[in-house]
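In the two assemblies presented below, chain A is common to both, partnered first by chain B and then by chain C.
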Partner chain A sequence: MNNDTALLEPVKEQRTRTASLLYSFGEGKDLPAWFREQQRAGWAEFQKLPPPSRKDQAWRFANVDALKLDQYIRTSELSDKQRGELLDRSTALAESAARLVFANDQLLERDVIADSLRGHGVIFQPLERAITEYENLVRPNFMAEPPTLGSARFAALHRAFVCAGAFLYVPRGVEIELPIEVFHWLATPNAAVFPHLLLVAGEMSKVTVIEHFRSLRDQPGFACGVNDLIVGPGANVRYICVQDWSEEVVTVQVNSTRVERDGSAMSLNANLGALYSRLESRSRLVGEGARSDMLAIGIATGRREFDARTLQDHECPHTTSDLLYKNALNDSARTTFGGLIRVEPHAHFTDAYQTVRNLLLSDDAEANSMPGLEILADNVKCSHGATSGQIDEEEMFYLLARGIPPNVARQLVTAGFLDEAIARLSHEQIGEYLRRSIARSL
Partner chain B sequence: MQQLEIKNLSAAIGGNPIIRELNLSVAAGEVHAIMGPNGSGKSTLAKVIAGHPDYEVGGGEVLMDGENILELEPDERARKGIFMAFQYPSEVPGVTIANFLRAAVQARLPEGEELEATEYYARLYEKMDQLEIPRAFTSRAVNEGFSGGEKKRCEILQMAMVEPRYAILDETDSGLDIDALKIVANGVNALRSPARGMLLITHYQRLLNYIVPDFVHVMVQGRIVRSGGKDLALELEEKGYDWIREHAAEPAIA
Partner chain C sequence: MATATEQSAVNIDRSIGDFHYDVKYDYDAGVGLNERVINYICDVKGEDDWVREFRLKALRIFDEKPMPTHWASDDLNAIDFAKIRYYLAHGQRPTRSWEDVPQDMKRTFERLGIPEQERKFLAGVEAQFDSEAVYSNIKKAVGEQGVIFVGSTEGLKQHPEIFRKWFGKVIPIGDNKFSALNSAVFSGGSFIYVPPGVKVKHPLQAYFRINAENFGQFERTLIIVDEGAEVTYMEGCTAPKFNTATLHSAVVELVAMRGAKIQYITVQNWSPNVFNLVTKRGLAHEQAEIKWIDCNIGSRLTMKYPGVVLKGRKARGEVLSIALASNGQHQDTGAKMIHAADETTSNIISKSISIGTGRATYRGLVHVPRHLKNCKNNTECDALLINATSRTDTYPAITVRGTGNSVQHEASVSQVSAEQIFYMQQRGLTEAQAMSLSVNGFVNDLVRQFPMEYSVELKRLIELEMEGSVG
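Moving on to the complex of A and B:
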């Protein structure tokens, strides 16, 4: 039996087909009317918006041809053997507070959160359940931030098709010590997935979430993900995403982070895989004392392209944002960074920093950086800088003079270069996991 | 004979000759010191032996136990047993001392053999203790934010871990206060061995009070102009380099 559906089939087919595809999503499950309405609106918007063009500043330098979606399919078929292998390989951290595993947008496994945490009101549920059971918490926050960095069309597609992912709610004052893990797999050729994460951290709560994006095989696929982090007053949220799709996968990931008074968000996006990876990340600092640290590392090899667009949006006085994006580029890989710090007129005493560093390991690699500032307030401390350079020759000689072979020396220096962002996370367990993942990727 | 033999070595940088037909032999078990004024070519000699790519060898040989190493890549020379302690060690951001040295030690193991982590750390800690380097340094990035003294101690630590056949220490005393100098000298002395030759490059006699050499050579304008025992260093300290320059015409003993 095969119930694969071409992702964009409805575009070409009759309108009735479109409707039937959308309504058939979650077949046999009772989806609330508001969610169905979201899907309908998403699909309508997707159809309305034009595909990205390089003439648009938001897509400048981007290989927009990689974003043709005709070949991708939504598929539900997974064999028992595939499920077994996926579950065996869904390991990362030695210890976590809870875990959800999805493959081809289907829930494969869940390790539920401890009773003690549930007793304190922590909710960690697959999105599909949360939209029904916790509508009051999910609905007002679900994709509430309009995407502004270029991917409105892909966010609309996500809204139309999303069914997999996690909803995490941490009530006021609750601190979750161990990280929470979510795995998303692309398991079959040309599969399309729509990973979603909605995190609502209540006042003075504390939580760390890590998402793992992986491919079962080296095969093409499409991942169109959204993560929304809502950081309440005084809350402390760490979010890590390890993007390790196979090197034929095309992915668009749209993040929005909102930090309220005295809250603190720290995100780290590790780009290790994919053929084309677009990351849009926006931090809104909406309360005094709010802080957002935006970190990213990338290992761009072969023909990979990492395309990052960011916005540090200071809407309130006494807020801080600090962005550090580091890429190591080899072969004929390309990276693009387009980032803006925006300080709203009344957002005095803003501290905002934006640093982009590219390490070029090959003459054919290409790094494009477009840093930007838009400062409408007085009394701000802002800096931005983007540099690209090669490994320092004296440094290289130093390693060689210790007997370290050139290839190992380059790996060490590259890992060391990326380590600055990992060290900023200040999380030993996840730091070690990321270092191991990097060592494997180099 | 087990020795590092430099024969008629000439080297230049950017077309400017620095080393001019230099001859010097350091036998296993011996400690030699090269002294000389700034610009005499001492550091260049060290870098040429280690294989720094900026220097062009115009002629001559560097024989390690009979094998000319000038044809080898820098990392190959190092694995064969050449070690240079740098005057200005590079910072290696994000690479911890533990990982850096691990890679250096691993590179010396036969292919397919994996370093045993427990033994490695035991040995690393032992050497660090000898050099009075706090163990917390294992997780610090190599030379990043190190004081002058910490960098030099770290160089000697590396030497202790890779156990070279021939070590060239380039101005290892520069930038050290007397306490740091003693620690470094103790570390070097602990590595003196009948199986190991050492070449100390220094501008000042002071170091040689703590690491007493078997032979002292004076280098001027890319040549060894005078050689002698450890007393030559004292004489030089007393009379200054002008004295050597005036007598540079005298034949060298070595």
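Moving on to the complex of A and C:
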């Protein structure tokens, strides 16, 4: 039996079939009416919005041709053997508080959240269940932030097709020490997945979440994810994403973070895989004393293209944001960074920083940087810096003089270059995991 | 320090520029833009057929190109091209002596202080009155060195062998909508050729004025400096105030041959109803150096991004830019550096000050394509915000390919610190004086690079702009 449904083809052929696809993807599962309405609205919007064009400032320098979606399919069938292998390979950190594993947008496993947290009202559920059981918490926050950095069309597509992902709610004052892990797998050729994460951190709570995006085999696929972090007053949220899709995968990820009074958000996106990866991250600082740290590292090799667009949106006085994006480029890889610090009128006493560093390791690699500022307030401290350069010859000489072969020396220098962002995370266990992953990628 | 006579030369305060004499225009192409107007301009100027074709082609490109509002200010839509006069001149041959200049125009220039400046240290004066150069005087010494310093019409007619080769090559017609507009209707501007090895000691100067309501000024400047030669060119602008929008859209092309040096200095102080949309670019051959010093104080909206194409090995490009955006103004300025050869270096330093509801924008482009070695770019943008309603933006775009190049960009935004102001007030300065001193301090290291009389004028202009910005 083949339940595969092409992602976009039926649209062109037959409207009714598309509609039935939309309403039937959760067959047997009783989706609430509001969620079906979301899907219908998302689909309508997706059809209405034009595909991205390089003439659009939000897609300047981007290889928009990579975003043709005709070949991808929503597929449901996984063999027991595949399931077993996927579960075996869904390991990353030695210790975690809880774990969800999805493959081709199906839930494979949910590890129970640590017993000590059960009594505190922490909710960690697959999205599909949360939309029914915790509608009062999910519905007001579900894709509530408009995607403004260029990918509105893909956010709409996500809204139409989303069914997998995690909902995490940490009540007021609860601190979860161990990280919470979510795995998303692309398991079959040309599969399309729509990973979703909605995190609501209550007042003075503390949590660390790490997402792992992986491919079972080296095969093409499409991932279109949305991630919303809502950081309550005084809450402290750390979010890490290790994007390690196989090198034929095309991915668009739309992230947004809202930080309330005295809250603190720190995100780190590690781009290790995919052929074309578009990452949009928006941090809104909506309460006094809010802080957002946005970190990213990228290892761009082969024909990879990493396209990151960011917005540090200061909507309130006395807020801080600090961005550090570092890319190491090799072969004929390309990276694009388009970032903006926006200080809204009346958001006085803002501190905002933005730093982009590109390390070029080959003659065919290309780094594009567009660090931007829009300052509409007074009494602000803002700066940005962008550099592109290569390995310092003196550093190489030092290592070579100590008998280290050139290729190893280059790897060491590159790893050291990327380490600055990892160190900022100040999380020993995750830091070690990231360093191991980087070493593998190099 | 400045002597008394120098002082009187630089004492151009903005209220003096704010006047308007009735002038009878001998030639008037009417309002609006079409082929008839272009043909009219060609006929009046007696231009060759190739120039006519160039203009007509440019008009077609201008009509085809959309307004660049997908990235630029929507304010551009306020320009009504159908209401603008595209050509208007006295129809006089550029004159060589001061005595020949009509009396009423002379009064205009006298109030701008040109004669004094000329007497003192100018090598040549090319004063543009509306579209046509009416006054042109090259000092004997410069002429003897073989330097050609003429208006655009004259240059294309009398020295086609020199100017045609580079005309429209550094900035092609279709570079942008406004370069196409200029290519269609250009008149006035300077054409300069400096022969090999000639170092022009004194800066060549040109003053431009707009003096007719709804009249666009479309001057075209081409400066070619041959091997090992050097020249400094200065342009400064003041314009009377009018009620309806005025358009100024110039194209400036510089060509620096091997080892040549060009320094191009602009002080722009159009009145606050002028749209100032200018395309400026230089082509630097091997070991040549092109330096743009650009200061924007006036206009309603300025869009200007001087650029250098670094075509030869070890070529060097530099842009030093100061922008002062006062109430209601938008200074959208920046720089472009295209590295096209090994060991090329470029430097961009931009400082902007936003006052009241003023908005200063920096837009930059740095491009280092693949397989180049040892190219370096340094970009620094500093913005100063004076009031809570002031705005500043920075939009750089940097592309670097391959190893062996180094590019760095830094920008910062700050304001005058309350402590600094407090300190100065303690010592008896008023708040406005203290503010003015702080702002002058902010731009001081750049202003020092301007020729003396410009830097004095600039400081005064900043003081004037700062008046009433506090309290």
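In this section, the second predicted complex is superposed on the first by the 440 of 442 C-alpha atoms of A that agree within 3 Å, B and C clash if a C-alpha of one lies under 4 Å from a C-alpha of the other, contacts with A are read in each partner's own complex, and residues count from 1 in each chain.
FYI, a residue touches a chain if its C-beta (ideal position, glycine included) is under 8 Å from a C-beta of that chain, and two chains touch if they have at least 3 such contacts.
Keep in mind that what you see is a predicted model, and the values were worked out from it rather than measured.
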Chain C versus chain B on the shared chain A, clash or fit after superposition: fit
Which of chain B and chain C A:E420 touches, first, second, both or neither: first
First (chain B), second (chain C), both or neither touched by A:H348: second
Contacts of A:G302 with chain B and chain C, given as first, second, both or neither: neither
Contact breadth on chain A, by residue count: chain C or chain B: C
Touching partner for A:G84 - first (chain B), second (chain C), both, neither: neither
Partner chain in contact with A:S388 - chain B first, chain C second, else both or neither: second
Partner chain in contact with A:L399 - chain B first, chain C second, else both or neither: first
Shortest span in Å between Cα atoms of chain B and of chain C, once chain A is used as the common reference: 15
In the complex, chain A residues that touch chain C: 55-57, 60-61, 345-346, 348, 358, 360-391
Touch list for chain A against partner chain B, complex: 392-395, 397-406, 408-409, 412-413, 415-420, 423
Chain B residues within the chain A interface of the complex: 50-53, 73-75, 78-79, 83-84, 86, 89-95, 99-100, 103-104, 107-108, 141, 158, 162
Residues on chain C engaged by chain A in the complex (per definition of touch): 70-71, 368, 370-371, 383, 385, 387-415
